[in-house]
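Chain naming follows the written order as A, B, C and D, and within any one chain the residues start at number 1.
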């Protein structure tokens, strides 16, 4: 192993074939940058989606006829369910307060009401929102739960049947879609980068042929090219990482200033950088290695 | 040293490279390979290097049957052969010195030895001044001499040269021939394809003449004719 | 002009340098495909956003004390405003019906109400949702409009102040974001494609040098390469277009089956195809042309 | 036909190409350019083709000052010169026939004429059988002859040949020389850089000798020496 020689060969080659080096670096840069941007998007959307899903909850309305014991017992049963994350009891009074609040100044309606017709309820948040239908169904036949018979799903157990299905499906699809896009982009990046590296090695096939003819072993030929591929990958990826970080900062600042309510996920920047640069190095090395196979006839 | 047994090499398109060639060149010999343009001289040399495979027959070099040689052994085989290529085959991105050094580097020679040997051999072929030029910056004759220097530098036990003086003026050619002769005197087998009638007639060494891929003449102390 | 010769030169070159042709075609294919996918996304999101924005409307609640004439006059005034797209009058009865409907089976509240406390209102849709605040403000001081003084924005004129701002900002940002991404991807595609073509021409610079030396004019040299670039672009782009159409169909079928309520925009496929293929041709031609400049020293 | 006035060409790295060269070759002349390897012969020829620009002085070809020539006129200038390159310069992706045809195509000759002329000239250099081979599939001497054929096919008024017989055996060389001679007899000016002493001595034409970029000898009916 003549590491110093291979190293200087790789560096020289980068400079001597600068047209091809620049082309390859630009390709790495562009594809990695795209990938990074989409990954940031992915992180953010994933976060928003999690938020959204966490907000899906079951409301169990309790008949006015239920006794305090029955209510407490139901609460304990709910608490004991393994799928349940949190339970919150809304008394009749709290329900009325909430309604008043939501009506704002238009309290004419409430003033016109006699007494408090609103039922008490349990608000249940689940560990996994996908279980929402299953858990909700457990209350359909409960005697103290205010189920309006015949309607399906029973109105007494509110779990936003339609809405939650929509939200679940939509977010699932969004996640699948985004994940596929990230996967697609990853494949595309690898394809584009190894493509460019292949071209740049193809352009030097005579050189490789000569090296073979003067008695260089395959690994002796390969090392400098693989190192060159790694350098190319690292250089492109480093610039890409810098650009990604800059755009992420710009982007999240913009959102923080303009859309205060939208949570901006703090991306694990260090990890991203490591992954992007490491990925660049690996793709560069593999790209060179694969491209060489053809000319080394291994 | 070199043994061709019933070697036939046909290229695609029906071009005949070599046709049923039998020849034996002993260790330490000096042999010329002559023949018309396209008669198969370069094909002969490329078979020795295992750059080509024959369609039929076997080539044996230094006692090793090339057709049975494993792929991984080929580089080591080639290191024992110094080769001057008809089209020079210099690495375009390396300076003259680095081109010559490369064939030392592949054999893992220490940097000190390389720094000593390379200028020495380049001086010998008259390129002491052009060490740091790229091949593109040399005249054709100068490139040819770099190729010659690279073939020598390793002190190989077999030296094959494909028209090593084709782009050289008579004076420089004589210098190169003297070099080859000296090297042959130290025990190295030399095989040289050439069109240089003057040279062949002066040297009176073994002459193998090809025509249409067949050996039509093989004489010791022969003439070009 | 020896068109036939140039044409056959280009085609031959494509085959003879197939390694480089494949590399270039793959690059066109991949970048164009990505671009197409993102453009489809763009179309769909743009559509959803338009929908969402169109749903933003102003509700003008009318005091119970207003006379029919005053109400009619207000209606005409609204109709006359240039920013207004449609106006819809909601009578007190319709308001009650709507409330009843939205409450579902929980009509206890309504039963508890005496008479009809709900006000009549005008629902106004605007041509450009961005004008919503401006238009809404015009009603703040209107005597027959039920403005609760002191509250800001007045409750009588409902235009979802906070919500609409949010929706407007969010959608605007989404559009800007997506548009930038499409622009970024377009630039990236052009860069990647011309990069590859540049490399493949760089690999043949000796060939070009020879052509110059035997007396070929610059255009004589250029035509075959430019044609080759066009063919490369068209081939890559055609495959990309096919893949885009296929994925679009798959994608929209999936959505139609799974998320019935989400409108799937029918993409103008023909136009997309024309644009993608035309774009491929242009980028190919320009890529070759630009790459040649260097070697033709023009 | 060719006039060099105080022409100096220095390359980067301080390599001397030509140094203060003054020479005049008349229309219809046949001249040899001789000299050691690296003496500046190829540099001389590349200046005629306007492949290089001199650092000083002017080159005039067919009455036109090359240093004042517009860039767009260069291709037309080159079409009037047939050139055999020392390194052949064949288009690697074109067959032998297409390579030769290319220099007819650039002048917009009708396809009929091309189909007639190309096989004719290839026959003349002995490559009738190899028309559809790629350059890579030819021996070095065969490639050189393709380069020769391409230079002739256009019937240029000036023919410059850089070592056109370097890779050819004596018999084939004589054939090529006879061709050059015949072409010269039809009025074409011929300038040929060569190392072939036998040939120069036999022909007894004008000999221009270079050394280190300077003209050291210029004789009519000269010898190689």
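Convention: a contact is a pair of C-beta atoms (placed from the backbone, for glycine too) under 8 Å apart; a residue touches a chain by one contact, two chains touch by 3 or more.
The structure displayed is predicted, hence computed values, not measured ones.
If you average the Cα atoms of chain C and of chain D, the two centres end up 62 Å apart.
Rounded to whole angstrom, the centroid-to-centroid distance between chain B and chain D, based on C-alpha atoms, equals 28 Å. Centroids built from CA atoms put chain D at 67 Å from chain A. Residue positions of chain B touching 2 or more other chains: there are none.
If you draw each protein chain as a dot and join the dots that touch, you get one closed loop, with every dot joined to exactly two others. Contact between chains, as defined at the top, is found for A-B, A-C, B-D, C-D.
If you check the complex, the residues on chain A that touch chain C are 19-20, 23, 26-27, 30-31, 33-34, 37, 104-106, 108-109, 112-115, 117-118, 148, 151, 155, 166, 169-170, 173, 181, 184-185, 188, 191-192, 195-196, 198-200, 202-203, 254-255, 258-259, 261-262. Of all the residues in chain A, the ones that touch chain B in their complex are 2, 5, 12-13, 16-17, 206-207, 209-218, 220, 297-298.
Contact residues of chain B toward chain D in the complex are 11-13, 15, 34-38, 41-42, 86-87, 130, 132-133, 137-142, 144-145, 163, 166-173, 195, 197-198, 224.
Across the interface of their complex, chain C is touched by residues 49, 51, 71-72, 75-79, 83, 85, 89-93, 102-103, 105-108, 150 of chain D.
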